[in-house]
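Chain nomenclature is as follows: A, B, C and D, assigned in order of appearance, with residue numbering initiated at 1 for each chain independently.
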């Protein structure tokens, strides 16, 4: 919960580092550090939450937090260059000051997932809160809380995989099963020494995930990926209560007041962005 | 006060067509013709490119005058861009007048790339005219007047 | 509780005196309609016309409101640091507000003053305002407050209520805030029992004068998703032209947009009323728009008012029955008719 | 004009029944006096709901933009001119349309009528050339011609300019009215007075965009006020932004506006929006002898040129 007196007032943060994630430079990860130590303490979050990045002069954008609460001292946000705020953000330099408002929204049901196997399914740039989740679960303090961890992550091509170094390091671990896939290998792609399959996410899920028993699936990605993954998960044996989705909608306030992000009577910014498929089925959602 | 007005220099945004007037400005420079430095020149591909939004944007940002200049009718690099523009400017100027803004803030000209002398003359005259009208006060966007 | 009677001149005089010291907002005749405005020297409040053109929601929730100010001067230490805009929360008074409009603030309050988050500007504005209501002796043909949970003599959301008794006003305090105000104003004569009886009669007549109603009794039973998928949305509301007239004139519509504006090196973050009727309201940065179609936007407006809100807060529908949207709509989309369609829907 | 109703119903039924059109666009009686509800109907049974009177002021051409079905549509003089503009601008195809022309004697200005009575009007009835308004304790009859919308008072095209069939005989066009007397009065004013007018007129605007949305010719997929890269106009109620919006909106109507009055009718705060567009119409007429939408063949005013166009203001 935000501790600031004014819910709309962002904490000042500094851009510590900018990492260009993809070859087309459309995706960058920003590493922010708080200017004031007490703000960092107030910003206590869990994987799955988001924050409003506030670029003075341009506006605010809701972005999922890509770093894990177990990583102290900084925050990661991966931002795609799309509109006026993100375009300006992409032009900012290390050392620039901007604002951060959050943490906002709910998070993945970590308590409920304890003692269960976790399947993480992600596509494209929506992998950010999933990275946060993986880092959180792999933390030695938390790893024993969860059973087997399977990750299915797909991108358009090798160039579009984000957090590549980390993903490679995870493929070498034995406490997490990584299933990386790309839609297609391009002509000049060098086949990596680590395993990377070719194919869309739903078919890889079908191939790699064997059972839905005592397992929860976190799905985050483009609508089309979700649309085709859903029936496959149901076929494997996941109940709707065990399929967890993260929604996105246009947001302004982030605190449930400005009224635009609702799906039925639920507000994505305040009651979400994380919903189970069972909850979503009961919502009157324009998606 | 009188002295202040004497020293006041108008800010004028000049939208100049790449194929003619922009060249004329160059030519005037090369020929060392004197013309005042009050212009912020924006090079456009054609006078037909000028949308009323651009003219208003100039005034909203504090321009005291706007000057649009393109190729002589018949000489348009894109054959007829300036002909369409002419109709647009006729109506724009008229509506501008209708809301009570001095029409002497808006200037149009056709100047070919060879007319360096005309460029300098027109430029001098525009600055003189806009100086007569004085600083712009209308349609300037300042800190929003809101609660 | 104070209950007093004031001659009309005396009451107007008291308000005029109040207006000299503090901000008093009241309906003033503005041609075809009366409009709420801050009383200035010479303004005479118009307590006769029953409905102002726009609701007084802007007193508490201005259409455009500066949130933060900042400098974008790279030389400055403060570059890019947002600071709260200075606000004046001195005590202010809204006079002549009708019970429906006063009640609307109570319905909107649950959005801005929540257990988890508080909207500082709305709350400060609301708390610094004293509402002096004017009971409606006679409803307009488009009024339907009684079927939304209100009443022409309703006191919800009011601090003081006044009743037009012909040549005098019966003035009654409802809250402590109102009592304090009446003590400050002073004057008046104590209300007699005759007067109280007459007020009761007037109230009865006023309630009876509300001829129109909105039917929502079935809505609670209907499933949100069923209503959402109902076929009438697509067919019935082709006529809507998606202007924001209804949302801007509605006292209970609260949606807003946040915009940054920069002039030279000074920036402002401003929030403005927004409307679910506009396609841009929900358009994603990537270009996808979940409410791309006209019918989806209409559905959102009415579902929000009549289904989502009641289900979520259990305070009844998000409509006070003022009838402004019905009057304003150029295409005659009538909330009473929409409610009827929804109410009669069966899968 | 109330006697057109039967003919309109009959026509709609015939067109829907024989499959000439899939959709018929007209008006149905509204839930309030002075407002009719645009009716977009798809089967002949609904045709009995259609009505015609002097309150059919919302421009039906609004509902034609980018439609793909075959449509029968009612069109008064100004509506038909809007249809012509739509055809010119390729927003609809001629073969999709069956234009049912309605010779029009003008629409009632409800604000004017409301200003002339004391009390709320509960009922309006129209008979012949008169309308009668009734309230709780009054009843008053007006000659329709005396309470017309300001644009109808000086209308130059009361009969449809293009149509496939007419519901009644053409009505006589107005004779000897000066369409632009009000514009001329403003033209004679000083710059200060003009600016004052402009400021006053748009002061009460609440930026609801009803004027834009009610206008059949404002169909841009993204309006310039909604553009964000660059953002031309601020979105707050700052007076400069409001004035910029109205100036540019009006200018986008140059050579297109048919003076149908839909914007004024839709405005919830009674802004006389035609103040700007009418000036443009007058200029189009004076300078180029052009009236928008009077035929389908001509190109739109700003979509064409003549080498001999007015040039004297350009150096």
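Criterion: contacts are C-beta pairs under 8 Å (C-beta built on N, C-alpha and C of every residue); 3 or more make two chains touch, one makes a residue touch a chain.
Quick caveat: nothing in here was measured; it's all calculated off a predicted structure.
Visitor: Comparing the two chain pairs, does C-D have more C-beta contacts than B-C, or is it the other way round?
Guide: More contacting C-beta pairs are found at C-D.
Visitor: Taking each chain's centre as the mean of its CA atoms, how far is chain B from chain C in angstrom?
Guide: It comes to 48 Å between the two C-alpha centres.
Visitor: Just curious, how far off is chain B from chain A if you go by their C-alpha centres, in Å?
Guide: Once rounded, the distance between the two centres reads 51 Å.
Visitor: So, what's the distance in Å between the C-alpha centres of chain D and chain C?
Guide: Taking the mean C-alpha position of each chain, the two centres sit 31 Å apart.
Visitor: Would you kindly tell me how far, in whole Å, the mean C-alpha position of chain D lies from that of chain B?
Guide: 36
Visitor: Counting only residues that touch at least two other chains, what does the list for chain B look like?
Guide: 141-142, 144, 146
Visitor: Mind pulling the residue numbers of chain A that touch at least two other chains?
Guide: As it turns out, chain A has residues touching two or more other chains at 83.
Visitor: Counting only residues that touch at least 2 other chains, which ones in chain D make the list?
Guide: In chain D, residues 234, 236-238 touch at least two other chains, as defined above.
Visitor: Line, ring, star, complete or other: which one describes how these chains touch?
Guide: Chain contacts: none of line, ring, star or complete; other.
Visitor: Please give the residue numbers of chain B that touch chain C in the complex, ascending.
Guide: 141-144, 146-147
Visitor: Show me the residue ranges of chain D that touch chain A in the complex, using the header's touch definition.
Guide: The touching residues are 228-229, 231.
Visitor: Would you tell me which residues of chain C are touching chain A in their complex?
Guide: 67-68, 70, 72, 79-82, 84, 111-112, 114, 116-120, 224-225, 227-229, 254-260, 262, 267, 269, 271, 274, 276, 281-286, 290-291, 296, 300, 303-304, 307-309, 311-312
Visitor: How about chain B: which of its residues touch chain D in the complex?
Guide: Chain B residues touching chain D: 52-53, 56-57, 60, 73-74, 80, 83-84, 86-95, 97-102, 107-111, 122, 138-142, 144-146.
Visitor: Please output the residues of chain D touching chain B within their complex, sorted ascending.
Guide: Chain D residues touching chain B: 186-187, 189-198, 224, 230, 232, 234, 236-241, 243-244, 247-248, 250-251, 254-255, 276, 279-280, 283-284, 287-288, 301-305, 307, 309-311, 313-315.
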